[in-house]
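Here the chain labels run A, B, C, D and E in written order, and each chain numbers its own residues starting at 1.
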Amino acid sequence: MNDMRILERSVDQTDAKISAKDVQVYYGDKQAIKDVNVDILDKTVTAFIGPSGCGKSTFLRCINRMNDTIDVARIEGSIKLDGEDVYDKRVDPVQLRARVGMVFQKPNPFPKSIYDNVSYGPRIHGLARNKAELDEIVEKSLRGAALWNEVKDRLQEPGTGLSGGQQQRLCIARAVATQPEVLLMDEPCSALDPIATGQVEELIDQLRSEFSVVIVTHSMQQAARVSQKTAFFHLGYLVEYGDTDDIFTNPRDPRTESYISGRIG
Amino acid sequence: MTDATIPAGASPQAKDSLLVPDARTRKRNASEARFRAYGLGAIVIAVIMLLILLFTIITDGIGAFRQTYLTIPVTLDAQQLDPSGNRDPEDLKKILTLTYGNMLNGAVEGVIAESGIQVADLTEKDVNDLISKEAAAQLRNRVLANPELIGQTVESRVLVNGRVDGYYKGRVSMASAALDGNTSPQQLQLADALKDAGLLATRWNWAFLSNPDASDQRPEAAGVGIAILGSLYMMLVVLFLAVPIGVAASIYLEEFATKNRLTDIIEVNISNLAAVPSIVFGILGLAVFINFSGLPQSAPIVGGLVLTLMTLPTIIIATRASLKAVPPSIRDAALGVGASKMQSVFHHVLPLALPGILTGTIIGLAQALGETAPLLLIGMVAFVKNFPSAPPEGLFDPASALPVQVYNWTQRADPAFIERASGAIIVLLVFLLCMNLLAIYLRRKFERRW
Amino acid sequence: MPVSWTMLIVLALAVAGFFVTRGRAVALADGDTRRLHSRPGYYGWNAALLAAVPALFVTAIWRFFWPGTSPTLISVVALALALGGIAFALSRTSPAFRARNAVESIVKALLILCSSIAILTTAGIVLSMLFETGNFFSQYSWTEFFFGTTWSPRFGGGSQLGMLPLLWGTLYISLIALVVSVPIGLFAAIYMSEYASPRLRSFAKPMIEVLAGIPTIVYGLFALITVGPMLRDYFAQPLGLGSSGSSVMTAGLVMGIMLIPFVSSLSDDIINAVPQSLRDGALGLGSTHSETIRKVVLPAALPGIVGAILLAASRAIGETMIVVMGAGAAARIGVNPFEAMTTITVKIVSQLTGDTDFAAPETLVAFALGLTLFVITLGLNIVALYVVRKYREQYE
Amino acid sequence: REQIQVAGSSTVLPYATIVAEAFGENTDFPTPVVESGGSSAGLKKFCEGVGENTIDIANASRAIREGEVEACAAAGVTDIMEVRIGYDGIVFASDINGNDFVFTAADWFNALAAEVVQDGKVVANPYTKWNEIRAELPDQEILAFVPGTKHGTREVFEEKVIAAGCEETGAAEVFAAEKADEDAAEAACMALRTDGKSVDIDGDYTETLARIQSSPNGIGVFGLSFYENNTDKLKVATIGGVTPSTETISSGEYPVSRPLFFYVKKQHIGTIPGLKEYVEFFVSDAMAGAGGPLAEYGLVADPELAATQQAVADEATMAK
Amino acid sequence: MNDMRILERSVDQTDAKISAKDVQVYYGDKQAIKDVNVDILDKTVTAFIGPSGCGKSTFLRCINRMNDTIDVARIEGSIKLDGEDVYDKRVDPVQLRARVGMVFQKPNPFPKSIYDNVSYGPRIHGLARNKAELDEIVEKSLRGAALWNEVKDRLQEPGTGLSGGQQQRLCIARAVATQPEVLLMDEPCSALDPIATGQVEELIDQLRSEFSVVIVTHSMQQAARVSQKTAFFHLGYLVEYGDTDDIFTNPRDPRTESYISGRIG
């Protein structure tokens, strides 16, 4: 039902959906991201990989300005979405976040019912004209996140009463339901079993036909499976960025190589 | 470090039975039990104190809801009440309560004579004082409202005086009456005799809830009608101003304001306002609302405004604390799906903070409901006899308030007012209880852990 | 009062504006609300707010600052403003109009306005007392006021109005009240939020809150009739500490009882808001429940608890009736808690409501006391703010 | 505004409410609103200015002061009518079951003064029992509940009892000789002891009564009307052999009393309906006269009531 | 430093450290665990695998009675630790939990400094007599959890300011520092990069020589790498339990087989 809009929206895509220039991020005095330059393409899945604490989540949160909520965080450089600087004074971060959705690393369902969790985004963005459409969006999103079968009988129960993996899938469904142009996913499958992981990967693959997806993952296999582009972060630097196949088969930077082969952490 | 450094048995890992706690666990459990006992003890102390206070209030005040009445036939002598005989309301008004009082006294004497009551040493004063001074006024109003009654003999239920009433509530005894200049054992004997004759009875007293205050000589007629209205009006003002303003201010300070010197100043300011003695708010109200902006004296609107300013800090402090307690991940989640800051606050944070907001509101309103001092300066600690009209105009009419009534009555010389004061406190607590019930309901609805 | 009726009419207009504008927005989008920038409700709200806020604001300000103006004029202007607001909102309504942002900026402005009321109140308090305080200091030496150790106002002049005994009494009585209410309140809060069954909690909490609503005069009488004589007969006299029926201890104890709900209810909410995962973390490491509470939950809840305690302290400083009846009216400096003392607040009230000459220093001193107390508590609050900042623990 | 607004002294309040109630019952005017809040606060409001949102009448348990009249005039309240309604007797009373007391002013001075004269020397008050002061007094701890410094009664108590006692005992002369100047001597005469034998009461007479009930040793200072309403709990003491009553006070035999007043804003007569009628009603014989309800409640009727009635009828203002 | 004790402790081990009999768990009306019977051996790593929402966490939380904190949770059957029923009335859950440590699925560091997070357990159990001993425990635990190098300079900073993976390792360190006999780990590596995962697996392997470890994981590879025994849960049932090698190479139950081969979820 929303296909029309999605098409409209993606008409004037440039190749670089998001382009970051000289991004530096500081938490107080500590610099967490250093000189990152990267172009994230439309209709592409980009994987961010790198050792824990290297700044993947931080960079991800810069893209939709979620870092605005951390008092001590400070960002320099520019990040452009469709050629417009997201840190421009005139930009409404709300609209930005509606276009750039996010799944957080720690599942954080609202303390509301499962249905309300998923329908929240569509509701505030007016994506459905009536209850039936809303129901449809909810079902579609939950199906996409491979959660429908498990929760279809308990949509009115609280989202916080779900298992860890279910919560994570709920958060994915919630993000998908808003139909963003870019979807940022911070380790969406970390708590999922292989089958659910497979289903989510399938969802990502579907999404790719219309949006751009950025996924943080610790699993090289997953990165290799779902992404077309991979960015390798290390100690706050973007060490290497390129086609996934290249990176995994033929890394240019020695750090990338040792990470992939399991030598540095 | 070697193993020797670890005292044997000190480790919880020593392979002891689970069923037999080791020494350290026992110690910790003992301290756990103590801790828990402290908690329970604290609640028990608080509840016992409450019960003691409630018990004293209720035993002292329940009497205010009962009142002793004398039912007698009164002949409304046309000669006295309408000398001109034309039933002209203007002329009828010229007859003062004094005449009606004498008529009632005559009626009592008549009843005594008729039922053959004999009391030794009964003086005329004893008989005349048996009936409340209020009775004459009531009778006059009845006649003015219905001039046809003139010339007839009507059954009247009249209030008896406060001492005799107190006698039936255990406040006055024959012994104390002997010492008391306002009554005498003879009067009490007369009352007993009338009671035996079935003319005098102590019954449930709705008038306490609907009557206005009465002067110091008529404790038996005093009621909290105006005070209830005044308090209600003020609470409406407070509810409609303090709660939204307080919550709005907290939201701004906690969720939107950048942390800078200005917000620090506001923050310190607010907690400081909480420490300002309530009478100072009265000074403020007098200076600003009455003298500067010309609002009327003794009006619930001014009282409400002053109490609003007084309760704001309480509501703000409570609301801020509970907003602070909502985990940031909830806000992140909302922002992440493209909700605006405002939406994340109103859709997610506020409902989660609601229990705390309720607490602040309840405590703030409770405090406002029971406050007298600021009302002293804006003229609400007053004797008001005419009911205010309905809001919104009524907000500008003179009115009293429940705590004011309590304060006034506890200052009065006649001990019968102490019972009234406690009765008014009971009414006030019922008010409070209603607010609490609402809060319980809302809390049930919104409280959850995550 | 036509002004209040004007306000009601304005509100009615706002409601009407809401529906009209909302309807128009939907119509402009040909019924497909997804073509609108914001949800249709926001267009309605925009109109409602534009209608109500300026009109009500102007009415209130006008009525407040120029009380003499004819109500009819005010009403006319207010209604014109309300209608103008709706018209303006309607004219701006189009699918591309950022209604949500517009509404949010209005709401934010309202929020700011509401928080500035605190500042205005402070300014009002200071201003309403400053003039009389000035009068006072023109009649009485400030050194004697601030550093004098005798408080004895007289009708015929020649009063000694040193505030130190009052300040001492204030601090002493508040301290005892806090020593009573903080442990009891905090433990009650802990028990309610951590141990008690939901049923007990939903019953105990409002019960305890009733304590805050009992008029202080009842506490005063309780202190005077029950607690005072009891303390005197069972503690003060046997210990040889005096035979005063009213004492710092009496007032402190009774006030402490009144303050229990201030500490307990607020703390209970805050403790309850600490995420369960933190408790699980501590329990999972083998802490007892009480260790979990003391070492993890309470530190996480500390800022809110400190706020609650500050609120209780504030109430203690501002309380009158209990002190009058419990602690007596004697201004003196001493350490014996079984002696009578009094507080600044009590003296403010009594000097203001007494029979002294209203232009004499004996009455005006109330304003000076009020202002001084204001400054002192301000200082205490600033210290508290920094302490809380320093020890704040943010969860998640 | 329809109703008359009255504010001021809480001592006058009961009388004012009795009158207001009767006024409301017997006339077409609404019952006046009578606030309490102290003479000072009442007069201050009274002197705030002229107009609808200022009060019409201030009750006071003392005469208006010069400075207050000036402040009034400065705010435009230039025409003030002073109405004296009668006298408030001040009595000493103790628990009904306790000892009888027959006081003199000197006893009170010796019992409560901070410093007394013993053998011609000024010493800190050494007395702890009444019979140490005078053997005829009972063997009972000294404990007096005196009005706090906010109360007008305190002033009367100090002047008519303590200062008189100071003279009577001859301590005044000794102080005059010993102290630096006249003011200091006067102050020494009126300084009360602070060791807990003399307890200030900032509350009202009900508080004093409650204190006597919880400390039956105590002797309290009350208004006559309060005592008369509580004769079953209190036993009144005589001063100089005179028992206080409306008669002995109005005849001047009993020394401790004070006049009660109210002040009327003449400028409001005519604008506020019923104002003049209320004032006239108040001072009428039926109300304030010796047999009226006010006297019945404990007001000592003013022997010069007729003059007051005349002044009210003439709307005579205070001399400036 | 605790080697001696550890030896002492393991002297009288029986083979079955924990044995569960007919365990049923209900959340309100919903049954989450059905008829589970299992013996968990000492000095062994047991892996719990199964699709998301099948009850792994629930069962894990039963073992150290963490389910006591969930109001709606109700358990039937018996779970014995060293032959003693942990649900016996006389059992003190505190002592139980000191002996059976836990790492939760969602990282939940205390809002305290990193140092205080790790030293919390040793402090309440009195495992160190002085500051130096405590420092040593903290360092050792953080090293074990592969976090020491990243945080050694910022031990006094709040644990909540760490990245997702760092928080998870902090929680592992915190659990290890209490020196439990049994360590329950709910997806301890889900947010970790391969190297950190490797280090944690190494830690688990070390721990095994002295304790018994139960690990929930979604990664078959990880289960195969670290565990000696594997239990497969499905829809609340314990479908199969046996030697890890057997389960992965030769599953007896068809459901196990299809899960392992990636067919059911």
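The rule is simple: a residue touches a chain if its C-beta (ideal position, glycine included) is under 8 Å from a C-beta of that chain, and two chains touch if they have at least 3 such contacts.
For clarity, every value in this text was computed on a predicted model and none was experimentally measured.
**Student:** Where the contacts of chain A and chain C overlap, which chains show up?
**Tutor:** Joint contacts, listed by label: B, E.
**Student:** Out of curiosity, which chains are bumping into both chain B and chain D?
**Tutor:** C
**Student:** What's the farthest chain from chain A if centres are computed as the mean of the Cα atoms?
**Tutor:** Centre of mass proxy via C-alpha means gives D as farthest from chain A.
**Student:** Report which interface contains more C-beta contacts, comparing C-D against B-E.
**Tutor:** Most contacts of the two pairs: C-D.
**Student:** Suppose every chain is reduced to the average of its Cα atoms; which one is closest to the average of all protein Cα atoms?
**Tutor:** C
**Student:** Express in whole angstrom the distance between the two chain centres, defined as the mean CA positions of chain B and chain C.
**Tutor:** For chain B versus chain C, the centre distance works out to 20 Å.
**Student:** State, to the nearest whole Å, the distance from the C-alpha centre of chain A to the C-alpha centre of chain D.
**Tutor:** 82
**Student:** Please compute the C-alpha centroid of chain A, do the same for chain E, then give the distance between them in whole Å.
**Tutor:** About 30 Å separates the centre of chain A from that of chain E.
**Student:** Report the inter-chain centroid distance for chain C and chain E in whole angstrom, where each centroid is the mean of the CA atoms.
**Tutor:** Here the centre of chain E sits 48 Å away from the centre of chain C.
**Student:** On chain B, where are the residues touching two or more other chains?
**Tutor:** 12, 28-29, 32, 286, 294-295, 328-329, 340-341, 352, 376-377, 410, 450 - these are the residues of chain B that touch more than one other chain.
**Student:** Multi-chain contacts in chain A: which residues touch at least two other chains?
**Tutor:** Residues 94, 106, 124-125 of chain A each touch two or more of the other chains.
**Student:** Taking each residue of chain C in turn, which ones touch at least two of the other chains?
**Tutor:** Only 100, 221, 275-276, 286, 288-289, 291, 352-353, 394-396 qualify.
**Student:** Pull out all the chain pairs that touch, please.
**Tutor:** Touching chain pairs, listed by label, come out as A-B, A-C, A-E, B-C, B-D, B-E, C-D, C-E.
**Student:** For a test of understanding, state which residues of chain B touch chain E in their complex under the given definition.
**Tutor:** 1-3, 5-7, 10-15, 17-22, 24-25, 28-29, 32
**Student:** What residues of chain E sit close enough to touch chain B in their complex?
**Tutor:** So the residues of chain E in touch with chain B come to 1-5, 8-9, 11-12, 81-82, 84, 86, 88, 90-92, 94-96, 98-99, 124-127, 129, 132-133, 136, 179-181.
**Student:** With touch defined as at the start, can you tell me which chain D residues reach chain B in the complex?
**Tutor:** 1, 3, 5, 7, 10, 13-14, 16-18, 20-22, 24-26, 28, 30-31, 33-37, 41, 45, 48, 52-53, 55, 96, 204-206, 223, 225-226, 228-233, 286, 293, 296-298
**Student:** Could you please specify the touching residues of chain B with respect to chain C in the complex?
**Tutor:** Of all residues in chain B, those touching chain C are 12, 28-29, 31-32, 35-36, 38-43, 45-47, 49-50, 52-54, 56-57, 244-246, 248-249, 251-253, 256-257, 264-281, 283-284, 286-288, 292-295, 309, 312-314, 316-318, 320-322, 324-329, 340-342, 352-353, 355-356, 359-360, 362-363, 366-367, 369-370, 372-373, 376-377, 392-393, 395-396, 403, 406-407, 410, 421, 425, 428-429, 432-433, 436-437, 439-440, 443-444, 447, 449-450.
**Student:** Please output the residues of chain B touching chain A within their complex, sorted ascending.
**Tutor:** For chain B paired with chain A, touching residues are 259, 328-341, 343, 347-348, 352, 448, 450.
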